[in-house]
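There are two complexes below, and they share chain A, which is joined by chain B in the first and by chain C in the second.
After this line comes the complex of A and B, so read on.
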């Protein structure tokens, strides 16, 4: 492995880097990530249903079958709505929190810790906690508060409301992520800019629109893309709350893929779904790194 | 120039009100879980739900003596071994990458970043097939390996960023004096990197502890982890709400400990290195 000495530190030319430092990690990652990824591509062009003896090459058969099935387009649509709702709302709430917390407020450290807390909570627990609240029979919100207000529908059994419910739980779980990214970006804006603007007679609204917001744009883009990829991959929270139901109303691509591969045992088709998800993630990643390099 | 005083007070009220409402939104589900875990099964089914009741520890007793405790053992073992492996493989790799320039560094770090973006479902499917043919399904080995696919790239990425920021003068001095890279890493770099090492260890632990999809697909009973247990109970028809709440509350402990004792260290890691 070539080691290029940096110009700033001519001394390092003396010391060649032992390949043994990097190699173990690269080999481990090759074995547990690269090889499985290649195997996934191989799986996606195979007809293979577990417990059925015949296995054969089917070319793009799995993908064609996928693109012809309405369940796939339906889950793509659900993934899209889920992705849009949860990333935009967690952005809006996160921005509000970041702006509030960038000012001196009472007990800022504790408040910050409490806002971060959900990000560390297992998503399975977050999903269960919301299911527990929203349940029609025994939930405080779904079984008592809403019926008292005259809303007697079962939240998690109603197609639209079930999607809204998992979005709420997801916002609960992930807004802190947006908050942290935006807070760091806010705190890196030089105070001098605001002072100069104030001397020029700018008001709070102008400061926000012409200083804060433009300088936040890179952080907003990064945050939104991370959240979008995260939303494409979300499985745990949805699984615990609805398992994709009622019907297929909350069946995102990852739930659809899991069902295909692990309840219908169609590994080939499941792999094809995973490849589609991977393509979506790669497109987003390329977009992200382009932005970062700018 | 003075701002309009009433406008300022109004702004403060809005900010304060927003934070209070958000904190209630965050804390209430957790508080309700805690209350739920202290109820008897009968009490948990009452409508309207009781807020004041005589607490019982029946659910926690069931958790301790009901044959469920091995899931906690599994979760802790998997998480600790992941911390160990992520650091053992990650620290030297991050050090080497951070002192390299040019295409190797660029390509390897891009590859590592893209692993983090890969859909977990796409990773677990082939791993499931491998583990099945190796007869490793329902073993903690399978889950440890699966978690490492996320944890090792995370550790390398965070440590790389940290090592990049460290001043290199002391290292250079040590190298001139004839120290080799291993000695420099061990004697010079690691002592000053303690906060970051702690942060990486905590994040890897919490990730493993919280992770569901891999554990759920690769295990069934023997090697089941806590999140997989919660989900499998949540999927049954015969709900034992207090027991599930008690397990959930116990599963929350690492989150609480980390957020209140190590919040400062983990912010960068929580944003996956997006904030630097």
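After this line comes the complex of A and C, so read on.
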């Protein structure tokens, strides 16, 4: 029998004022999310270099200085390349794996578990593992396998291949996340739709294009949003593998921001970079969400 | 019942005694091989020596270990927030002591040490003066050094003998020796040994070595016009950066040696990589930070490396001055510490004679700050008095001011190292230095040096 509190019951009274229920959560969120965000915004408009005694309001000064700096644009370019490559490739691999493993194949459960395994490996550990694997002097892949195949270049010390190496490590590490999301979405598609399509004479290609893909779009968008935000914020994997190098070939905004704040001691400009990263993540999310709403 | 009361009373007394102790918190890296005499070989114990110190001085010492990068971030955060969590902090003479010293974040140590009260732990006149100079900013001593090093060459005697190579004494001879090694390896079909290992990773790391090349080629710290090294000199002479000027020759030499004779991945190599390569017998010469060679020799399982390695003085450049590679693992006391006098006592304990000797006993590296420890039985027996004398001479010939002492040093070190990494990869020295020059001029202008 359902419980119906009387009209005078405190819960009924609170229900008339939803803010009563929301307030605790809002206060907690304000403390742990809003305050640091506002502090970051405040910091980004301050001139605060650790070794200079004067701190003052500089308006958009930090942002203007950033936009005039070639290092910023280079980092933005690297971040953009990393974002596109890792998001799209992990989506492509994740989708391929999800489709393959949604069918009844031998040892499907074991293979699924193996694919999910990299997700359990912390990015720092994954970074070290890939760094050692690809190392030109002692790495199993970079030092022995590739040279045996005639590839003698040092992957991590090459201005283009270093980024490719990091993208490979990222895809290895994060594709399983995309796989999980897409597999769950695939399994929720009613089989009746496929049966009806087959009765109407649809082939595998048409089933994929007109049933699977459209019904997967929400999951794809959600997966891409998570992957994009993750790619914009990635620090540990890159720091461990190349420290942003060689030179600045793999210096993303997160590495540049960290260096600016903690090596150059420019806290105001470091905060400005963090704000730019936040805006970039918001724009990417909005762009993808719009696609979801269509 | 009576027993319980006695135990409780004793516990309260002990608690009261502990409560009176002053807590001093230290933050540093190198857990395990730093201060084994105080924190044991795990870094988590309190040895009898430390307990005796605590009892004598009524101080409770706590140490917080971390990875070097994490430690540096914690120190910075603590200093700028003024939280005063740490009483003894890791500095290092390649940026931190300069930045924090000029900013007023550090407590000058001169006054505390002049009283003579700390002589039982450390006496400044016992130290190599170079290590004190390196931690002196604007006339104030801000840091005391634990293990620290000067430059040198660690090389494989068997490979030098095999190809009839003389130990080089100049940069020209060094190039010749490396070329002979390269030719010899090619002729013998040896593809897994590189003539040279150095560090070229982006960031401040290579700067410590490559600015030593600049010094040897130019004959002075060729960062700013006239070789000025302090903010006051730069301001008064309005000295502009000269990264496309006299800085170039040493930078180019470092880049070319790395490209021609180093391992393929050198543009991303840190001290760990250079040490590992030498330790595994994959490099014939390691320079100029000899400490990494000693670390390799004492830890290697490769008998060829262990039995056929030697130290040689670092080569001199065209100017007649030697290549530099000088660093101090220094510690200081933040101005925000609430217990500065006690913190200085702990600092003296950490960097004094007995601690340095314990380090030498544990590691056997001649990378110490005190002559009596350098000539101690442990190190002389391990390396021989000739090699010890050479190490001492390397420290004494070091010029800690081979790079400028400016608050922006850490940023410059990072930019210079990153430019080197880029040039090693691309081979384009001009564009790396042009970029550096433009950035440096803008940086110094916005910092107000040329008003």
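Throughout what follows, the second predicted complex is superposed on the first by the 254 of 294 C-alpha atoms of A that agree within 3 Å, B and C clash if a C-alpha of one lies under 4 Å from a C-alpha of the other, contacts with A are read in each partner's own complex, and residues count from 1 in each chain.
Following the convention adopted for this analysis, a contact is a pair of C-beta atoms (placed from the backbone, for glycine too) under 8 Å apart; a residue touches a chain by one contact, two chains touch by 3 or more.
Computed from a predicted structure; not experimentally measured.
Judged by the touch definition given at the top, the superposed model places A:262 against both chain B and chain C.
Of the two partner chains placed around the shared chain by superposition, chain C is the only one that A:136 touches, whereas chain B remains out of contact.
By the document's definition of touching, neither partner reaches A:83: not chain B, not chain C.
Contact with chain B, but none with chain C, is seen for A:284 once the two complexes are overlaid on the shared chain. By the touch criterion stated above, A:249 is placed in contact with chain C alone, chain B being left untouched.
Contacts of A:156 after superposition: chain C is touched, whereas chain B is not reached. Ranked by how many residues of chain A each touches, chain B and chain C are led by B.
When the two complexes are overlaid on their common chain A, residue A:167 makes contact with neither chain B nor chain C.
Shared contact residues of chain A with chain B and chain C: 137-138, 243, 262, 267. Partner chain A is touched in their complex by these residues of chain C: 72-73, 76, 79-80, 99-100, 102-105, 194, 200-204, 263-268, 273, 276-277, 280, 282, 407-408, 410-411, 414, 418-419, 421-426, 432, 435, 439, 446-447. Chain A contributes residues 1-6, 9, 11-12, 14-15, 17-18, 20-22, 24-26, 28-29, 32-33, 36-37, 39-40, 43, 93, 96-97, 99-101, 103, 105-106, 109, 111-133, 137-138, 140, 143-144, 172, 176-177, 180-181, 184-185, 198, 201, 204, 219, 222-223, 226, 229, 232-233, 235-236, 239-240, 243, 253-254, 257-258, 261-262, 267, 270-271, 273-275, 277-278, 281-282, 284-285, 288-289 to its touches with chain B in the complex. Touching chain A in their complex are the following residues of chain B: 1, 3, 11, 15-16, 18-19, 22-23, 25-30, 32-33, 36, 44-45, 47-49, 89-90, 92-93, 95-97, 99-102, 104, 108, 110-115, 117-123, 125-127, 129-130, 145-146, 148-149, 152-153, 156, 168, 172, 175-176, 180-182, 185, 206, 209-210, 212-213, 216-217, 226-227, 230-231, 234-235, 241, 244-245, 248, 251-252, 254-256, 258-260, 263, 267, 270-272, 274-275.
Those residues of chain A whose C-beta lies close enough to touch chain C in the complex are 50-53, 65, 70-71, 135-138, 142, 152-154, 156-159, 162, 242-249, 251, 259, 262-267.
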